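Consider the two complexes below, in which subunit A is the common component and subunit B and subunit C are the respective partners.
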Partner chain A sequence: MSLILNNIGRKVSRNWIIRNLNLRVENGQCLALLGPSGCGKSTTLRLIAGLDKPSEGSIILNDKDITSISPVDRKVGMVFQSYALFPHLSIAENLLLGLKIRGINLPEQQRRVSNILSLMQLEGYANRKPSDLSGGQRQRVALARALLREPMIYLLDEPMSNLDAQLREELRTELRRLILNKDKPVVYVTHDQHEAMAMANRIAVLRNGELEQIGSPEDLYHKPSSLFVATFIGRPQINQLTNENKIIKAIRPENIYLDDSGLECKLIYREWLGNNQLWLLNSPKGNLRMLCDASLSVPERIQISWSKNHEHLFNKYDGKRIY
Partner chain B sequence: MNKINPWFVAICIWSLAPLLWQLYTSFSTSEALTMPLSEVEKRWTFDNYIQILNAEPPFWRYLINSTILSLSTTIITLILSIPAAYSITKLPTFIANNFKRVLLSAALFPYVLLFLALLEVARKLNIGNNLLALSIPYSALSIPLAVLLISSAFNDLPDGLDEAARLEGLNLFQRFRYILVPLIRPAVASTSILVFIFSWNEYPIALTWLSKENVLTLPVAIARIAGSSVYSVPYGAYAAATVLGSIPLLIVVMIFQKQIVSGLTKGAIKG
Partner chain C sequence: MNLILLLPASCLIIIIFGFPLIRYTWLSFHASTVVTGLEPIANNGVNWIRLISDQRFWQDTFQTVRFAALSVTLEIILALIIALILDQRWRGRGLVRSITLLPWALPTTIMALGWRWIFNSPYGPIEQFMQYLNLNPLNILSNPKVAWLATVFGDVWKTTPFVAIIILAGLQTISNDLFEAFKLEGGKPKEALIEITLPLLMPYILLAIIFRLAQAFGVFDLIQIMTGGGAS
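And then the complex of A and B:
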């Protein structure tokens, strides 16, 4: 039981928004689609939901080809970035509408809605309008609506991008409790690499409508297949050293350490991050970010070094990984 | 805010003066209107109203005619415009823009140029003197503007609402019924007012299509009010007819205005 995208492509007028996409998400797995805006990640989600039709390829859910099935019959639970709550209906009405349309009897409707409201800790809000709720509460209502659909698959489109940092932390816990590890495939679209690594078992990095790399968060972090993935994943961003020949060397800020026999640098600025600190250094090889312990004080002469093992080498022309 | 803005007063006078003058005229005797006031014996009268209400057929007949016609025009226009406007928002931008250009030119076309051709149509189809048939050309003339207004309201709806409703299992009709139309109610209300007022006031087509006394609309009927002699103009009766004819319009505007204002202030559009 799983979701499979087979060579999916979508063309709008003459442009391919997404092309040659092959993905597989097992039940209980969370796949994050990660990439900058315009990379095709939301389009992919819409194709899975059935809101758009693919120009080529097929979508298989639980061994059934759903490529040409209507969105309703796919039984997807989708959460929109904008929440997409119906502003003229109360929270309860928002949740009841779908049940009513699906012909569930009245007492059962009431029972399910009050259950889900208490699950979401929204009991007191049944008669409020969405505009009376905070962003986090609205997002929980949107989540509740998706859960009520009893979907075969969950699709989350940037579910937290409109929330502040603290609410995101809270909602992550909520998402884990309610959706992840529920024996259903989850596809999670985000442009936030941090969120992707925190939530997903596997991450697919998309770029200009094509799959750049797919793998576990650890794979992507330690073995990025291209310079694009290397710069997209990991904060502070990976350092690119002035290139030698046709090769770009890259080194992560946390792999750099002080070394008396190393490269001599000048400190440009220092950023204190709480549990560690970030130094921006001017070195003969260009500006470098270095992540080090918060207690470390700046020595008189800064000399740095790193292990050859931690270097990532990329082809200068196509950005692909060499080693 | 305690000080009264002189501009506000000026605008009030500017827009209310003609109405008040009309009201004044409708209650004046014809001597009061045509002779110096010092020589007038009887200044105020209900005769104008009595005259038009006792005519054959009585004046309320035309009020009813116009109400029926304007309502049916508004309903037909909305039923055809709302789905059309929705479908335009689903078209690719390039095609949608060209559609809107065509609609705009149709909306701007001076419709008076059409009335002779329309009369020919009415004659061919034998629908002259049929009150409800008049709502066909009226709707046709109102639809371009109505589609433009309503489609811009659809465009302003936040992303994802329609799609969320689709995923909830609502079919197209249910989405109109439960989600889309309730959300664009302000636009529907203002469009309805425009269409209603247009059909209420329309003269040239009604004049040519209708000739039987008992199917006339208000504007045509008012123009037919006769004076006591060929040489006198029944100003008072005209004014009384205009006053009575404006009352339903005022009521309609008041009903819908409440909706528009509530729609704007409640933030029904922005979630």
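And then the complex of A and C:
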């Protein structure tokens, strides 16, 4: 039981928004589609939902070709970035609407809605309008609606990008509890690498409509297949060493340490991060970010080094990984 | 404090609306003519009694209400259909949107003259067509039973675009996500119109109704030019 995208492409007028995309998500797995805006991640989600039609390729859900099946019959539980709650209906009516359309009998409608409201800790809000709720509460209503759909697959389009940092952490827990444990494929679109690493089993990094790399968060962090992935995954951002030859050397800020026999640098600024600190250093090889322990004090002479194993090498011209 | 801030605006409203309203109400219970030396003299509501017992007053009121109700109803229905069509994506939509507004941009006098010519008997195109078919002339504008419908026709033609633009503006505030969410829930386009579009358009439709009723109750130029006041 799984979702498979076979060589999916979508062309609008003459431009390919997505091309040659092959993905596979097993039941109970969460795949994050990660990339900058315009990379085609939302389009991919819309293709899976059936809201847009692919120009080529096929979509297989549980061994059935759903490429030309209507959105309704695909049974997808989708959470929109804007939540897409109906502003003129109360929370309860918002949740009831779908059940009503699908012809579920009245007592059953009421039972399911009151169950989901208590699951979401929204009991007191049944008769409120969406505009009376906070962003986090609206997001929970949107999740509740997706759950009530009893979908074959969950599609989340930037579900947290309109929420503040603290709420995001709370909702992550909620998402894990409610959706990631459902034994259904989950596709999670985000532009936030941190969120992708936290939520997904596997991450697909998209760039200009094509798949740049797909793998576990650890793979992407330790073995980025291109400079693009290396700079997109991991914060603070990876350092790129200026080099004369055809190779770009990159080293993560957390792999740099003080070493009496190392490269001599000047401190430009320190950034206090609480449990650690970030130093921006000026070295003969360009500016470098170094992430170190919060207790470390700045020595008189700063000399840094890193292990050869932590170096990532990329081709200067196409950005592909060399080693 | 809040009330103090409201004071300047309140003063203006009282001077412009409040004072004349009270003054006229007061005057309506008085006689003030050359005979009275232009001094208002209380006359125990004789003005009002004359108004209420005047056959023409009731007839005119009836005419006005009938005109306003029919034309505004037709305008809302037509404008809703036009707005829904103009909201869809199709080739040349921008051009059609601009053309749709033209009737509204015309001065009422000009367009009323136009309609008077179209409905003219016996030289207007409609009567010419009736002659061509060897049918009796309709005498549209001189027959009180039909003339008022001709004025409704002219009013609807002119102001439907205005209502359509208001409703179109409302339509464009509705996020497409709502329709897609509805579709994913299994809703059909026809159900979306009833469950989402119309309820969310209500504020805009009400606004259009208020604007249009206010204008329709005060309509004068259109009727005067098309029928010379003969519609009543």
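Definition applied: the second predicted complex is superposed on the first by the 322 of 323 C-alpha atoms of A that agree within 3 Å, B and C clash if a C-alpha of one lies under 4 Å from a C-alpha of the other, contacts with A are read in each partner's own complex, and residues count from 1 in each chain.
Throughout what follows, a contact is a pair of C-beta atoms (placed from the backbone, for glycine too) under 8 Å apart; a residue touches a chain by one contact, two chains touch by 3 or more.
This one's a predicted model, so the numbers in the text were calculated from it and none came from an experiment.
With the C-alpha superposition on subunit A as described, subunit C and subunit B clash in the combined arrangement. Using the contact criterion defined above for the overlaid structures, shared-chain residue A:P130 touches subunit B, although it does not reach subunit C. In the superposed model, A:G28 lies in contact with neither subunit B nor subunit C. Contacts of A:S13 after superposition: subunit B is touched, whereas subunit C is not reached.
Shared-chain residue A:P236: touches no atom of subunit B or subunit C. Between subunit B and subunit C, the partner in contact with more residues of subunit A is B. Of the two partner chains, subunit B and subunit C are each touched by A:G98. Within subunit A, the residues touched by subunit B in the first complex and by subunit C in the second are 49, 51, 71-72, 76, 78, 80, 82, 84, 86-88, 97-98, 101-102, 145, 149.
Put simply, subunit A touches subunit C in their complex at residues 49, 51, 71-72, 76, 78, 80, 82, 84, 86-88, 97-98, 101-102, 145, 149.
The touching residues of subunit B, when paired with subunit A in their complex, are 92, 158-161, 163-170, 174, 178-179, 182-183, 267-271.
On the subunit C side of its complex with subunit A, the touching residues are 175, 177-178, 180-187, 191, 195-196, 199-200. For subunit A in complex with subunit B, the residues that touch the partner chain are 13, 49, 51, 71-72, 76, 78, 80-88, 97-98, 101-102, 130-131, 138, 145, 149.
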